[in-house]
Structures are given as C-alpha cells and as structure tokens.
Amino acid sequence: MTYRMEEMTWPEFAEKKDRVVILPVGAVEQHALHLPICTDAVIAEQFALRLAEKIDGVVMPPLSYGYKSKPLSGGGPLFPGTIDLNGETVIRLVYDVLMELVRDGFTKIFIMNAHFENEAFLVEAMDLVNRDTKGAVFLVESNWWDPLPEEVIEKVFDQVPFPGWAFEHAAVTETSLMLYFAPWLCHLERMAEAPPAEALPYFRYPLKKGDVPETGALASAYSSSSEKGEQIVEAVIPELVKICQREMPGE
Amino acid sequence: MTYRMEEMTWPEFAEKKDRVVILPVGAVEQHALHLPICTDAVIAEQFALRLAEKIDGVVMPPLSYGYKSKPLSGGGPLFPGTIDLNGETVIRLVYDVLMELVRDGFTKIFIMNAHFENEAFLVEAMDLVNRDTKGAVFLVESNWWDPLPEEVIEKVFDQVPFPGWAFEHAAVTETSLMLYFAPWLCHLERMAEAPPAEALPYFRYPLKKGDVPETGALASAYSSSSEKGEQIVEAVIPELVKICQREMPGE
Amino acid sequence: MTYRMEEMTWPEFAEKKDRVVILPVGAVEQHALHLPICTDAVIAEQFALRLAEKIDGVVMPPLSYGYKSKPLSGGGPLFPGTIDLNGETVIRLVYDVLMELVRDGFTKIFIMNAHFENEAFLVEAMDLVNRDTKGAVFLVESNWWDPLPEEVIEKVFDQVPFPGWAFEHAAVTETSLMLYFAPWLCHLERMAEAPPAEALPYFRYPLKKGDVPETGALASAYSSSSEKGEQIVEAVIPELVKICQREMPGE
Amino acid sequence: MTYRMEEMTWPEFAEKKDRVVILPVGAVEQHALHLPICTDAVIAEQFALRLAEKIDGVVMPPLSYGYKSKPLSGGGPLFPGTIDLNGETVIRLVYDVLMELVRDGFTKIFIMNAHFENEAFLVEAMDLVNRDTKGAVFLVESNWWDPLPEEVIEKVFDQVPFPGWAFEHAAVTETSLMLYFAPWLCHLERMAEAPPAEALPYFRYPLKKGDVPETGALASAYSSSSEKGEQIVEAVIPELVKICQREMPGE
Amino acid sequence: MTYRMEEMTWPEFAEKKDRVVILPVGAVEQHALHLPICTDAVIAEQFALRLAEKIDGVVMPPLSYGYKSKPLSGGGPLFPGTIDLNGETVIRLVYDVLMELVRDGFTKIFIMNAHFENEAFLVEAMDLVNRDTKGAVFLVESNWWDPLPEEVIEKVFDQVPFPGWAFEHAAVTETSLMLYFAPWLCHLERMAEAPPAEALPYFRYPLKKGDVPETGALASAYSSSSEKGEQIVEAVIPELVKICQREMPGE
Amino acid sequence: MTYRMEEMTWPEFAEKKDRVVILPVGAVEQHALHLPICTDAVIAEQFALRLAEKIDGVVMPPLSYGYKSKPLSGGGPLFPGTIDLNGETVIRLVYDVLMELVRDGFTKIFIMNAHFENEAFLVEAMDLVNRDTKGAVFLVESNWWDPLPEEVIEKVFDQVPFPGWAFEHAAVTETSLMLYFAPWLCHLERMAEAPPAEALPYFRYPLKKGDVPETGALASAYSSSSEKGEQIVEAVIPELVKICQREMPGE
C-alpha cells in the first residue's frame, strides 16, 4: 500500500476523495557542499509521507521547482544549481494543481512547504483558489519548521547556537533531516566551516558575490545527526496532525 | 523646498538624478477602531520624508494600495476598508514604476515599506528590474521595523509585552507612530481592549470571522504615545541612512 | 468629519456602504515649468472631494500613477518626472480596486479622471468588472472637463483662445484649477511663453525631442487665475451631481 | 500586380522590405440596418490599398476583429454581431504582428485604423514595440477621418448636420464610403431614420438597451452617396501620403 | 444571400442564432514560390463557406494570422512573409471570439483549421471556453485534411508519392485546392522542384537556413490540378457535414 | 556517481556546464487500471537517465505535471487523477527552467518528453527562449517514441495490432516500458480488455463520458512484457544519442 498518488492507479486515487491531499513543495537550490540540490523537495515529501501515514492522506508528486532562492534565507541565484521560477509562474502552477484537485472532488488540501521563499506565492495561489471556489475547499499551508516546539529547537542546538530560521540553510536542521531521510545523499566529509553570514535586515540588488559565503552555507551544520533529524520529525508530525484535525472537517 | 517629487516641477525633479529616490509603499487596510485606513501609507511616507531630509533624497508619491492583508499579520479581507491588490498586480505596478525611474536616469532607489505582506511582491519586482537592467541599478527595500534596535523595542514595550511584529497591527508601535505623525487621525478614545489573538503558525482558507478579533486589532495599543513614536523614528532613521551609505554608491 | 476614506476608521467606512464611492485617478506627469508633477492627481482628488460633499460620498485614496502620457495630449516620456504605467498594469490595478469595493458591499462607484490618456484603460477595467459582476454594480467614469458647459469655456478663455482639450496641458484650465486648489504649488513666475505646439493628427513613434515644446507646455497659461479655477469647479460640480442622480439608484 | 501582401508569394513580399507596410485594422461590429458587419474592416483596407498605390506600399491582411465597441461611439455589445476583443488581446495581437514585421526587416509601418475604440490599444502596442526595438522602427497610426479637411466635412454634410465623429457610426460618412467601396453590401432601402442619440459625456455601466437606438445607428445616414464617399477618399489619401513623406525616411 | 457573417447586417446575423457558426483559421505564412502567403486563410474560408452552404451555417471573418509556422511542417520564421503569433496570443484571441459568440446566443461553433500548428492552441482556447461556460456550448475543431478518406489521398497522389501531411506544405493538396479555389493567385510557372526535405523527428533550436529548402516547399507540387482540388473538396465536405450532424444537436 | 542533478551538490552540477542537460517532462494522468498515475514521468526520467549515461549528461528533476490530457490521445479530465496544467502555465514553467539553465551557463539542453499533449507548449517555450537568447543555446525536444525504428514497432506488436501512437496510452508500449522500468508499480492482473476506442479525427467539447472507455485504456496492453520494454529502450537510446551528436556541438 502506498500514500504516494503517483504510485496509485486512478481508481485507487479516486477512492481517496474524502481524504486530505498533501502537496509537497520544494526547490531546486544549492545546499552548500555537503547536501544535494533536491534537499528541500526531499524534506517536503518526507514530511508529507509521514503525515499521510498518520491521517490516511494522499501525497501528490512534489513540486520540485520553487520560487527564487534569496540570499537572506540562504540560497541565491549566484550558485549554479539554483533554478528559480518567477513569482507569477509559481502562482499559476499551484493554482492549476489546486483547481484540478477541486475538480476531481477533493476538498481538503494541505500544502507542505520546505522552501521559505515559496510561501507568499503559495498563499497567493490559495487565496485565488479560495475566491474562485467561493470558500468551498479547506486549504492549509505550513512550513515544516513552523510547528516545531521550542524545546526541540533547544535540544537540536545543543552544540551550536540557533542562528534563526532564515539562516538554517544547509545547516543543523536541514542536514540532520537529510541524514535521517536520505543519508546516502549527504557528504558530511565535505561540510565546510560556515563563517557567520552577515544578516542584512533588508533586500538589496544587485546581489554580490559575498552575499552568501562561497560554500553556499549560511550557518554551521556542525553537530548534525540522523538522531536529531528523527527528533525533529517526531516532534513536528503530531503538530501537523493536530493542524489537520483542527482545520479539516472530519479529520 | 520640498522632498516630495509630486510637489516638484519636472526640472526640479530632473536635477535630482544623482540622488536616492524613495518609494513609500503602504496599504489600504483596516487598522482597528482607533487608527485610520491609511495608516501604513502615512507611516511609509513619513519615514521616507525624514530619510530624504537626511540624505537629500526624493520621495515618490506613495503606492497607497498594497498586497492582500493577511489575518496572520493583522488585517484580512473580512473587514470593509481593506482593499487588496492581487500579487501579479503589485508586481507589475512596482515593476513599471521602477523601470520608469531607471529610464529617467535614476540609479539609486529605496523602497520604504510599511505593510509586511507587500514584501515578497516588492522583492519580486526588484528582481525582475535587476534582471532587465542587467544589474545597473541599486535597489534597496526595507520595512521600517527591520532596522529598529532591540533596546528601543524594550523601551517602547515598557508596559505591555512585545507581541512580535506580526501582531503589531494597530498596536503600540503603529499607534505611537501615528500619534507622532498624524495625531488628528487617531481616536484613542475608541481604542478597544485587544483580546490576545490566536497565532496560527500556518495559513488557512477559508478565512473565518474569528481569525481576527472583531475590532480588527491583534494586540493591545495601550501605552502608545507620541513620544514613543518619536523614539522609534529617531532610532530608525539613522539606520536607514546607514543602509543608504552602505548600498548606494556616492551616498 | 471627513469624506476621505483614508482618514476614516474601518467602521466609519463600513457605514457608507450605500453611498457613492469616488475613485480619483491622476498621473505622475510633467506639467511645464510652473505646475507640480502631481497636478492631475490633485485636480482629480479635489473634484472628488467637492462632489463627495454634495452627495455625501466617500473619496478613495487617489491612484496617483496613471497610464502613459502622450505628446499629442501634452506629456510624453521624454521629460523626467513622467512615470508611465503600462496599459495592462492600469487595467489590472483598477480592476482589483473596483472588485474589492464590490466585495466590501459597495455598488455605486464613480471614477473621477483628470488624465486623458487613462480613459480607455479605466473603461476597459470597468467593462471587465461589469462582466464579472454580471451588471450588479453601477459604474461611472468621467473626466472633469467633459461636463464643463460651453459658456464657462468662453469665460475662461477670455484672453487667450481655447486650444482644444488635448492641448490644455499645464495651460489655462489646469493652471487656474491649481491656483484655486493648491496655490502654494504653483510658480507663475516661471511660466514660460508656450509657442503654439504642432498638432499631429496621428500617432507616431519614435517620439522626437521637438514633439513637445521644451518647457513641457502645449498652450499658453497666460490669464490663468484662481477665480477662473473656482468658476470651473462651480460649473462642473453640479453637473457631476446630476450624473450621479441620473445613473446611481437612490441618489 | 498587387499591393496585398496576402496575394503575394514570399519572394514578392521580401522585395518590398524598404517600402511602407500598411496594417488595416477594423472591427466586427453592428452597423445599423443598412451596412454590413465588416464595414470598418472594408473601409480600413480600402484606404490602405489606395494609399499603397500612391506610395508603392504593401497592405497586410486586415485585423478584422478589434477592440470593444462602445455605445458612446456607436456600437455596443448589446447587438448580436458585435464581436469584441479584450484590451489585452488587442495589445498582444498587434504587438506580435508588428514585431514579426520588424524581424522580417521592415522598418516603416503604417497602421490604418477605421474603428475609433481600437486606437488606445493600437498605440499601446506601438509604444511597446518602440521600447523593445529601441526606436529603430518608424510607426504611424492614423484614423481615416483624422486628416479629413474641414471643407470636405462641410461638403459632405450639405443636407444633415455633422453630428461629430463619435456619432458618425453607420451614418453619412461610413455609408458614403461603403457606397463607394462596396455598394453591393449596402442596403439603403433598409436605412432607418435615426432619432438623435443622446450623447453621454461620460462612460457608464451596466449598459442599457436604450443607450443606442434600436436600429444601431447613432445619426442619420440620409444624403449618403457614392460620390461623397469618393470625395472623402480623394481628400484623405493625399493627406495620408503627406504623413508618410513626413514621418517615414526615404518616402 | 450570403453565408459570410461579415457581409450580413446585424439583424441578418441575429436570425442565425440557432445555426452552426464556422470560424476559419489560417496563417500568414510563406507558401513556396508559386502560392500566395494567404493560402491557409483562403483554404480555411473556402471549406467553411462550402460547409455553411450545406448546413445553412454562418462563416465568421477568418482569423488570418495564426500560430508560429514550424520547419517540421513546412514554414518557418526564416522566410519573410511568415508572420507568427505567440501561443498566448492565439489562445486569447480565439477565447475572446468564442466567448463573444456565446454571449450573442450562439451554441454551436465549428473551428475550421487549415494551418496544422494552430491546433494545440485552438483546442486550449476551446477547453477554457468549455470550462468557463460549464459545458453549455458545442465546440468542434477540425483540420480540413483529417476527414479526407484514404482512397481520395491515393487518387490525388497518382503521380507523386504522398509525403505525409506534415510535408504537404505548398505541395500537391494545397496547390490543387488553391487552383480550384483561387487560380488567379497561383503561379505554376514558378513552381520549383522540391528536393526531398529532411524530416527531423524532433524539434530543434536555433533553426538553420537549411531546415526548409530555399524555395520554401517541403514536397513536390507536381501533378497538382484544379480537378484534384475539387475532388478533395467533394470528399471532405460531406464528412464535415457528418461531424456537425453527430456533434451539434438539431443538425 | 549520479546523473541526477537533484542528487548532486552544487559544485558537482557546476562542473557539468559543458555537458548536455536533459529535462524529462511527464504528466499526472490516469493510465488505466494497471499502470500508475506517474507513468509518463517515470518513462521520461528513465529514458533521460539512460541517455545521460551514454553521453555523460545531467538529468534535471522531472516536470511531473504536464499539459492537459486529451481524450484523443488517451487521457482526459474525466478521470480523477488526471491533473492538467493550463497551456500558459506549461509555457511559463518550461521557459523559466530553461532560462535559469542558460543563466547558469549551460548551452545544450535536451527535453525528453513522454506525454504527447505537452509538445506544442514545450516547443513554444523553446521558441521564446531561442528568441530571448538570440539563438545562443542548443535546444532539442523529442518524444521517446519518435525515433523508434519501424522494425521494433513490428516486433513489439507481434500479437496485437499497432493502434497508432495516439492510442498507445497504457497499452503495449507504455506497459512494457513500465514493466521494464518499474515492475513493482504495474498490476497486470487488473489489466482490462480494452474495447476498440472510437477515434475521433477532430476535437470536440464538451467531453462525454464515453469518449474514453471506462477503464481509461484506449488500446489493449495484452502481450506487454519487460523484454519488449527493454527492446524499445535499446532501440531508442542510440537514436537519442545520435540526435545529440548531430545537434549539440562537441557531443
């Protein structure tokens, strides 16, 4: 039995109409020297699958490509391997997928996001779908880190200080999650020391080479471990379940 | 002498080509029972004018209408008086204005934002302008609260706890700023007690009546004062000047 | 008491749902050596306020930025200070604002235009709103000069000949209106003699430097006065009131 | 020998690269009881052909479908047979055609318009082409009536008063031109008396049945004749030739 | 009596509301040395007129300009005289025309296509209209060659081999049809020997000069005749009638 | 070592700049009772990976979602599980991805398509990229079936007749490929007898329930086998390699 819509035949999917559909959204984005480019997509899909397991949901094929990666939150178009969609493209892509799910009869949709920069455009698409369906569909969007309890953050950052979510790019949480989800794609031996990145509290163009350290990391990944990844997952999944119970009728 | 582009004749504006142009961006959004709908536009323009004074800049006519107001950060389309532009509209509007400034020969542009939800769409427009001008223009976007020093936050929240910026909607900082900038538009006597708003750490549709307390406020404005407004302004303006000096050649 | 929506709190605006909402539309456009760049926006808003006073209406924040200024009617992108929006941007901007007013429950909307080139795009937006609301909303658009009675034109042009509305850019009527509405923004001492502009009865690109006289004026402003401004206003407002009475049910 | 691009083979067209290309633009629009729906397209193309003959130009296939027909200028969507394109569609259509001509090496393009409502959108497309080709192409747009000398208007309106161009819809000039260009498509016997249409000096939605007299005519076509059509043509063509000589290098 | 909508007055068109409306779609595209640029438009319209005659239908003004001509199917932007619309432009153009017909009360629409590359974009427009009208309109799109019986193909290709429809560009079928429909536009004496064009079973950019033989023909037109054109028409029209009978209620 | 871009770190990807990048494009589409919804995406990616292996290329994350599935070629929106993007969305999505690859320095891009309906929109995106990069990038798009040699088709269809590619949806070739690529996702035991689907040689809306047999299959999958899948792959890959050698400089 599978929770992945893509592995189902259409009648298997059709039977799930009253269930929550989960759409994972990632990005194609540099993740320093030790993590793969697909990091956000893998994380989004893995959270989605574990959530689906708990609530008998269905996981859609992830949107692998996402909105532009910004230096402030760790990526930036200056690195090869960061493939950025324009804002209008993300809005239309997500809008089309959501509307098709609605036409197929689904009314409970959960967008599982793992790339911060996506959020405003995901929510814009949701807003347009809400308007065009006159509020008939239950739509939730959450980043995986938003429901993470404070005490878990403290446990995970037992050796390096928590740099804030904006700088948690290819750092302790993402590295730990990848070590837990897909260790064969991690190269801890290549992990570079991340000099403390300068936090610009504003946006500025043109971007400069030095906006992101040359490794692509914004904070140290030192002390990452599969166990910490598991801790995060174990803490987040119950919160995501609660969100579904609170917001999706019948869950 | 004026810093407002709108009050200049065209030759006066033409003489400013080597100066920083500041574009204030606000929103038409409910601001509880005691603040006017134009709050964000007034605040954006007032910060812009004070910055212009320090750096001999020029202030463009504000973009009064902004992106959708979200319940999470205090507004919401459920209140009459919140006039929301779609994301694509904001992107195109800002793109057009920036490109025209570039065509007029200006190369240093500062976007002064006072409505959180605008930011992703402002930055998308900047990104497109940066791409289409091949990086020839210096573009900065800042919210007024981002450069506010920690110690000022503490001073301002001497009587009520700081609820986080997302909830600072029609609350202590905005009310204090409006008391300082435009006291005749404030109605402290109508100020309602703000029950602690529930912070949803995710986005959800359809919106519900209870998402925002019925007054429209997300946090208490109690203890607001013109003096606190002045304190914020006095602390922020030097930071904005520093940003200009750091990012705009020749400033 | 105010007629400006921006100065109201949301409950004050909400009470006006059965009233006529007036949306002033201007332009950011060169206005010769003696008038400010905001001339069209000021004029649009001032007519709107005076109309609101007569019919207990509400005036929205003006759309300060408008469609491209054309040489034929007096502006042109060749002057710094003329900030032109693309046609699609104007259509989307106006569409969004109108639809939001409709969602807020307003059904009587008056667009007060002061920049000729805006008109086709304003009407396109109205047409789309009319289609998407299935005709449920009463929409009127008028330029301020359209309802001006012939005899007032004659009185106003007692010393210089009326050059036609297309050439009335920074000329007698606009200068007189600005002297009446905002004399502190007028610089009569800088008023240049306007050589008779050549009227091309067709559109042509590329534009040439000589398409508009180098001052930016298309016709003489000589003989302008605040009194003439007042005369125009006194003649136009009753006509605008009549339009509302004729087209808006219950007015 | 032909002046119609559509009747040429591609090498014949390729030889014309240094000549003026003329793009006729019409509309699919009701034209009262006695004129065919294609009236504007026929008139645009016939003027284009006669101009081409004088200047050895090339006439493109006409854009038969045009922008929305407005009651103010005589059409309106209330009549079956009026097929209106949206503004954005017209802009894109004209933009694409012009850019392709530029890519084919043509640098002198004349847009011959016969439907008033098209103009703002045609000029927007020209403006965008001018911007994207950096002013390398000579573009002119003219309505057929704009260069018509005053004295010919007087001769043509020897029996009925000239109602203004806005009301000259299916009236004396269009009927006379059609009698001259394509008499087999005219049905003078069905010509209805046109009650004087009420001229609204503003735009208003929703449209009402009575906005246009039920025949679809806005002014009397009485006294129309093929001879008058010929007179108009003979007066306009030399003016169009002069425009080409003035604006198109080498003509 | 006419079947062309453009030659009708509006009341004549209004009477046809319960009939099938046929929209011919062509292209402005090089057609080798011996056929005119309008070949596809002429063929589309002529098939449409003959179909209209059989089913008492109405023929709309043809969409003369179509989607990009591709080397694979015989055209290509490398030849002057090929004027290509972008995909989005075609979708919007066709969408607008279809929606206006629906608003005029027509419910049976047949798109008669003569330019292969148009098809995907025509069908996209139909799909959007179907969605927005909730399936209330009967829409058919057919190329003229699709319903051609196998035995007629054999008869027509009695002297040269059938190269496949993709290569039938300015070749035997199009030349024969043009000899039948509009012999005065054909120049058989200029007909060039077409070297066998190389069929790329994939799409590739940039295009190369040699992608299409320098004449513009992809296959031999040798053995074309007006009689063969007539044969094709006589075979196709009854098939088109059958399609209408099968798909359009009441036909 | 991996050929998947998503599994690489950014420096590994950056080293591949002179190699061919392969973008697999699939669809989320019903594939009868025995194949999973992701069939097209899996097939596209698997062909891409095998091609990459031969030419030392890089495989991008697949575009899992594609253009609308049409009844004529086997899918249709009438089945849950078919998630269709609009045409404009596909064009923008592919355009953005290609342009980002170009910005990253890649100049040889191969689009590997496995969903017929995508093709026109993929090629439109390529055309726009070619135009905007002035032909500086080598772009190829191929369906997997286009280069399949005739003799392999004959071998594969040794027991059931070849129904034509349009009907090869969830039939012998796709089933054999999936048995070869991902047997664990195939359910041969659920394979239904496919009644001969009626081939409409035209497009028609609204779609009808009977347009596609209720299983979702258009032709029999009987006689499918992993061996046949392998045969197809072995025959196609060398052809794809040849295309790269012919079209991509340095391959």
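First chain written, first letter: the chains are A, B, C, D, E and F, and each begins at residue 1.
As a convention for this text, contacts are C-beta pairs under 8 Å (C-beta built on N, C-alpha and C of every residue); 3 or more make two chains touch, one makes a residue touch a chain.
In this text the structure is predicted, and so the values were computed from the model without any measurement.
Chains touching both subunit D and subunit F: E.
When each chain is reduced to the average of its Cα atoms, C sits farthest from subunit F. Put simply, the C-alpha centre of subunit B and that of subunit F have 48 angstrom between them.
With centres defined as mean CA coordinates, subunit D is found 55 Å away from subunit A. Chain geometry summary: the mean Cα position of subunit A and that of subunit B are 29 Å apart.
Multi-chain contact residues of subunit C (touching two or more other chains): 86, 88. All chains join into a single ring; listed from subunit E onward through subunit F, they run E, F, A, B, C, D. Within the complex, the subunit E residues that touch subunit F are 68, 70, 86-88, 91, 117, 119-124, 126-130, 135, 137-143, 146-147, 201-207, 243, 247. On the subunit F side of its complex with subunit A, the touching residues are 5-11, 13-14, 17, 28, 30-38, 41, 60-65, 77, 79-86, 88-89, 92-93, 96-97, 100-101, 103-105, 185, 187, 190, 216.
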